[in-house]
Amino acid sequence: MAHKHGHVRDRIQFANAEDKQEFSKFPTKAGRRSLSRSISQSSTDSYSSAASYTDSSDDETSPRDKTQVNSHGSSDFCVKNIKQAEFGRREIEIAEQDMSALISLRKRAQGEKPLAGAKVVGCTHITAQTAVLIETLVALGAQCRWTACNIYSTQNEVAAALAETGVSVFAWKGESEDDFWWCIDRCVNAAGWQANMILDDGGDLTHWVYKKYPSVFKKVRGIVEESVTGVHRLYQLSKAGKLCVPAMNVNDSVTKQKFDNLYCCRESILDGLKRTTDIMFGGKQVVVCGYGEVGKGCCAALKALGAIVCITEIDPICALQACMDGFRVVKLSEVIRQMDVVITCTGNKNVVSREQLDRMKNGCIVCNMGHSNTEIDVASLRSPELTWERVRSQVDHIIWPDGKRVILLAEGRLLNLSCSTVPTFVLSITATTQALALIELFNAPEGRYKQDVYLLPKKMDEYVSSLHLPNFDAHLTELSDEQAKYMGLHKNGPFKPNYYRY
Amino acid sequence: MAHKHGHVRDRIQFANAEDKQEFSKFPTKAGRRSLSRSISQSSTDSYSSAASYTDSSDDETSPRDKTQVNSHGSSDFCVKNIKQAEFGRREIEIAEQDMSALISLRKRAQGEKPLAGAKVVGCTHITAQTAVLIETLVALGAQCRWTACNIYSTQNEVAAALAETGVSVFAWKGESEDDFWWCIDRCVNAAGWQANMILDDGGDLTHWVYKKYPSVFKKVRGIVEESVTGVHRLYQLSKAGKLCVPAMNVNDSVTKQKFDNLYCCRESILDGLKRTTDIMFGGKQVVVCGYGEVGKGCCAALKALGAIVCITEIDPICALQACMDGFRVVKLSEVIRQMDVVITCTGNKNVVSREQLDRMKNGCIVCNMGHSNTEIDVASLRSPELTWERVRSQVDHIIWPDGKRVILLAEGRLLNLSCSTVPTFVLSITATTQALALIELFNAPEGRYKQDVYLLPKKMDEYVSSLHLPNFDAHLTELSDEQAKYMGLHKNGPFKPNYYRY
Amino acid sequence: MAHKHGHVRDRIQFANAEDKQEFSKFPTKAGRRSLSRSISQSSTDSYSSAASYTDSSDDETSPRDKTQVNSHGSSDFCVKNIKQAEFGRREIEIAEQDMSALISLRKRAQGEKPLAGAKVVGCTHITAQTAVLIETLVALGAQCRWTACNIYSTQNEVAAALAETGVSVFAWKGESEDDFWWCIDRCVNAAGWQANMILDDGGDLTHWVYKKYPSVFKKVRGIVEESVTGVHRLYQLSKAGKLCVPAMNVNDSVTKQKFDNLYCCRESILDGLKRTTDIMFGGKQVVVCGYGEVGKGCCAALKALGAIVCITEIDPICALQACMDGFRVVKLSEVIRQMDVVITCTGNKNVVSREQLDRMKNGCIVCNMGHSNTEIDVASLRSPELTWERVRSQVDHIIWPDGKRVILLAEGRLLNLSCSTVPTFVLSITATTQALALIELFNAPEGRYKQDVYLLPKKMDEYVSSLHLPNFDAHLTELSDEQAKYMGLHKNGPFKPNYYRY
Amino acid sequence: MAHKHGHVRDRIQFANAEDKQEFSKFPTKAGRRSLSRSISQSSTDSYSSAASYTDSSDDETSPRDKTQVNSHGSSDFCVKNIKQAEFGRREIEIAEQDMSALISLRKRAQGEKPLAGAKVVGCTHITAQTAVLIETLVALGAQCRWTACNIYSTQNEVAAALAETGVSVFAWKGESEDDFWWCIDRCVNAAGWQANMILDDGGDLTHWVYKKYPSVFKKVRGIVEESVTGVHRLYQLSKAGKLCVPAMNVNDSVTKQKFDNLYCCRESILDGLKRTTDIMFGGKQVVVCGYGEVGKGCCAALKALGAIVCITEIDPICALQACMDGFRVVKLSEVIRQMDVVITCTGNKNVVSREQLDRMKNGCIVCNMGHSNTEIDVASLRSPELTWERVRSQVDHIIWPDGKRVILLAEGRLLNLSCSTVPTFVLSITATTQALALIELFNAPEGRYKQDVYLLPKKMDEYVSSLHLPNFDAHLTELSDEQAKYMGLHKNGPFKPNYYRY
């Protein structure tokens, strides 16, 4: 029964044309970043706070040209500087404090070693948080080879710490495009080792295996993918009948979605605005374009801090929700002159046009919390009659001929990734979901999963949540036998039908 | 494409054993009430406020024994007293003020008369709000014969007003069981008139037709059903291969669900508690059992008014939501001694047991906002050592031997139906959904719907919402052609994939 | 030092001309009600819910013409029917459950009997709640004679219960004006008993003593007064040099003010609107006129339930607070056309004029939470071109010639007194404050209080609060000696300077 | 009448012993900072964000040793580098955008030049915001000489911009103690110029004049002081009969207090925690010690973002408010083991003791939003068995022998000053209040103010508010003549009695 669960191939919505690029197209590093909806990719930005006190090395030698050996004598890795391992270890330990779900998973599953025999090749951001994931996989029995999904986001010390403990890591901060693919290749193409599981974030690793080592798929039991882009590519492959192993779409699991969107944005909208502009929220007139999960999170937070919020919507159901939640539903053109802050979170393009930018009042702040950098027509602002003045990192004043200033944040890119940080707890949700997806695919009986894309079974989604409840000292109630029978439920779940909306 | 929409036959969850009674079992009036999850059935209770100043007739003659004629000379109806029509008309007019969506639907669809040719036999509560629905159907071209789905809930004046304008109504307050079926029979079995559409609330009308006039189904284009119970029966028929016409499950449409649960309960929990106990909410310690839509609504309202709320949950995903929303997740036994108020909304049974009732503190208020009267083990309180004292309508003090009083509301039945009212606006959502479902089924091209149970197409759900937006002076934004293309959407919707959670 | 506390003679603000009526003017019952700001006087309305099931006696004989004896053989009282005592006792017991502060005061002060020797003559509403106060005074050693301050508000059963236990009560529901003064006279003018303390609510008792028995003041140690009207009269007497005993203004103590205004209105605005109109709050556009404590309470509650609230203000400081709290500050004329609900709480007159009523949209609800019935110009609506239709108790539809209906609640009188109830907890705050004021005045050393009007010392205000904390299971922290020294405070308070704003 | 307004000499509460230092004691720079309650002094910290990209000069020459001339040929100033004037001008212009109240004051009062003839000597932080104040004073007719009240907080570019326009500024970042007094002396002791108004922040300037140039007071019409420390010194002088000119305490004006405490802390608690720890607020268990204005602000914000907040209090009135606002009132020792975050805002000392720090759980965050750095017993943590690890600026991990980490922010100093910023809008409130106080004192008729300390007249407090309303597009309602008469108010205020609590 479970094997049909969550098959959503023909339901997935794609937000923009960029996403629909050919899978086979060579992905540029610059382009990919903006494609990704996944908040976990924010480590590009967030790690900078940590890095400020760690990455002082001036060593300009390429890691590919160095020979490094860890304390166990292994040199099957390539990182910036293996000597930074101790510092990276501390970073990992600090991250572990907020990722107790994974630690708990290690303990619960350690006896049975559910990943014994698993050979995982992974391609993700390499940060303290993903290190906790990788080391959890190892603790559960897996062998891991790992590379970075982003050329800028690697925390070198963390990579060193992983290499030191024996994980074959190939990644450093500031890779070239050539380095990027070289690292992936070194991960996949290892003498005497063949991957049987793939954990990917963005689809580049999967792409490389398809292109260079298709025979690897004979042994692979499944692919776990967390990004919108990568998931989209998998659905395209599936549609084209070219997907040759089961794949798990962890991006759309309930828990991850709620944390990446509603809960995370509720906090990061305040943080992103405050860090960049020191704005006082009380009494500010704000329009939020889009009342989906991201918009709901933004609106709730801003209202709670005393802002006066209205919204724009194209969908009457979301618009009605906004009404019932106490927000006026307006057209942008009706209110644009009065607004102190304009926030986009529609996933659409040109939601804020040059015409509307022209009508904004002096001092209006414009920013984007949505899918990509298309929502605000930033290009239209790069015209000779307007002056750009960079007043802080991520903050530009666009100055009109009459002296009016509009304050543009992060040049219209995602505010929460550019100007805020992602709490480790959110990353823990994602990492735990990935670990469980690997366990599920690796241990699934023959035939449960076919050559298709699946959502994480609801029961596992529930398990991810349950692993995070101890962080809140939350105590679940258990059904009695009588109650379970009355409800027609198993005592251990799943507790809701698939269509339940939460 | 649309014909596959929303087919949820194998997904529907049933909350309790009572619901699973045989369809063929003769439904008792007493039993049916508690089966119904539909909030719109609350008119049993809510109409009492209106009735207090209307229903002073002492006429004890059964309407079946009277001969009445309306001013147009027709006597094809049976109501308490046709002379009350004028008063009923005023009630309908007042209801129309808050049901502008239906009035707007009348105007928009009046020219095309989308129900021209429709012969609708209906069985619902007969109140001012359903009268607005019935008269809308008539305005759209339908001929209607109507009866009551509940023996207590008919507003006699409203029935008279409908009869006066020519609707063949068979209903009065205080019918006997025999009257009940007689009325249904008179609706269905009319000389020279054969129904081609059925609008049902609870399934009794459908049942009667199946049993007595199966040939009617040859002409019927579809059934529209709004109650949990009735929908359940339809799915059972479908499963058994006995459903011989398409049926529309309007109970589970997004808009109706949100209004029946989250939004309506957010308001009625305060109202129900206040009207019965005059409690001050500030600082009260409250435990809400269950954090589904109903629980979320209750918690939001109580927290907003200064209560200190914790919740119990069996589902880790809902529990994690509760944490993120700022509620402690506890087991009932951990907190029961400290609570001022205990509210159940789980859909389960014996959530509050006698043991827990024994441990409550003096003055603790216990009530139920959930599915039926099973959540609190009220039966266990009917024991000789406890004294029951009725202090107000719907309010009992249960007194322990040591003098401790527990305040039980509505004897554990649904608080919001028993002790609060349902805003006309919520009923408007339901009625509009029913009207659109009738239009859809009546006009669907051959083959779009088969002999199965369907959810309302998302586009129509969106239309229901859009018809209610003018109440809030809400202005929708329209997609430009370019934006629609970018999003891969039609400009008029549907705007979201089916699995979207809102 | 304490003897100067709270002397506010020249600071008190009077809200309207009616309040400034001459003290010597004969008070009409009709007029007084609207003069009173004190929420505790709401028993006129609120007791009706209780009375509905108690007061079925058809006995038309005037109590003044009956001879009744309680079970102890005393006949020094005059109530409707002494036989209702048992029922009244139960009402008192139920009230005691929510007035644990007074019960606790009884216990704490019982040993020392701080009112031993006190002979208190009292004139208040006679309800279950005031009965708990009276019996507390008795438990603390006082002898009490009592009469009603309102001709409609007496709960006959409660009066009987008090009479049964030996309190000399002279009060019944539906007194005539003559009865009213006769009852007061019987209280004051008792053979062999002379009052030495006065507890008044409205000033009528004080007035009567001034007029008829001025010599009584020779023995009286002080007056405790809780109403705006009565306090105003006392300040006038004081100004005129005619106040011959100390008086305590308990109306303006911090705790009572917060509960009578902010906290109580936060709850009663929802309740009052819901009971009368069954309105759904979500998405409603509401304008609240005045952002004082009452306005703040109304706005907080309505916003929390999803209404979209804007305010009007004359005071820029309050207006700025409204901005920071997230409410648009507008002129009424700017928004009146769009509003669903208009609420006045300014203390001013003609805040809603006929011109504005003319511009309201169909279905707009208008009500008053402010000082008196002057805020809405109701008189202007009593003109021939408008039709009044009473649709429920306290609800009138005013119908314009074009069919527009405006829904006027309680004919512009106080909504929360007319259409809601006052929680016992609020009344407990008031009653405890009164009891402590009596204890303070009765036990104050010679010279602490002069012939002037005083506020309750802050330390006693703090004590009132502390007695109510156990209701919330709240645990105060105590200062260490070192901390008290550091703060320059006594460990038992007072903890704040007099000008502290809370 | 106004001359008696707000005389609070004997009411002011002092929070700690440090404040009670002798006025004549030589103030150390280190000590003074912690004495100050005034949030406007936060520029020490907040300016760092701006300074990061401005102050790159490596010029080590002391400004006292340089000869600089502005473009008008004047050299009557001493700043770091007059050439930075242009950059400073831009900073001032940006600040002007959020200080429209002052700009508006310039316009309204420009014609009458209410400060014509005023010679103001000032000692405040020198930042873009105070520059807007100073230039406003100049626009209103004043001549100004200015110096810095803090040796670290001067924005050199801003000082240069002021000097360039002709203000005699003596200040730079990183003054020595000797420089500090030298600058003050240069301000006061100018050839051919004698101050007749003093604007002080901290009391050092006033102190210096008292000590060195007492004859200056013969001409001085008044002192305006905004800090707790400075105000305390003035009250001491007044008490001792040594205050020889009127002084205005602007620290305690209603508007400034609300913004410095409730509104500002509501925002900065979130910002301070987020910037330092990237904490996710949802579901966090937080205890806030103290429910005054600061505590109220912190609690409101944290609750709104989904934290579960409880409070500790010594004052039963504040404790009861907390209950009604939905917060459990506990003793710290009862909950300390469960808390994720501990926040102090009591103004007291050792509120969080070593014993409680020992009992905290791993990862608990501890910080202070209260008066000074005394609230957390940080000294007790500097013991050999504990390891301190600085993980970020302002963030220390204190590590117990068993590995438990407690996260201490800003070493127990004020979190919002150390780790957040103060919005320009809050500084605008303060600056406007200062400007109006200067105007009032300078223009007051002979005899209105004596040699005493005064609060700003309520009418001026209202005026400060009204000048800030346009920022919110807020429209005040005006009283009609009839309404003003009815309320007994002047149409232009003041609108509330002095004791009004807001």
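Annotations for the structure displayed:
Chains here go by letter, A, B, C and D, matching the order in which they are written, and residues are numbered from 1 within each.
As a working rule, a residue touches a chain if its C-beta (ideal position, glycine included) is under 8 Å from a C-beta of that chain, and two chains touch if they have at least 3 such contacts.
Molecules present, by chain and UniProt name: A, B, C, D = Adenosylhomocysteinase.
Being a predicted model, the structure only gives us computed values, none of them experimental.
Annotation of chain A and chain D: jointly contacted by B, C, touch as defined at the top. Set against the Cα centre of chain D, the chain with the most distant centre is B.
With centres set at the average Cα position, the gap from chain A to chain B is 41 Å. Centre-to-centre, using mean CA coordinates, chain A is 58 Å away from chain C.
Shared interface positions of chain B, i.e. residues touching 2 or more other chains, are given as 263, 282-283, 306, 323-324, 328, 472-474. Put simply, chain D touches chain B in their complex at residues 282-283, 303, 306-308, 323-328. Touching chain D in their complex are the following residues of chain C: 8, 11-17, 254-255, 257-258, 263, 293, 312-324, 328-332, 334, 347-351, 374, 461-463, 465-466, 468-469, 472-480, 482-483, 486-488, 493, 495-499, 501-502.
Residues 46, 49, 53, 94, 97-98, 263-264, 266-267, 270-271, 274-275, 278-283, 285, 301, 304-306, 338, 362-363, 391-392, 405, 420-426, 471-474 of chain A touch chain D in their complex.
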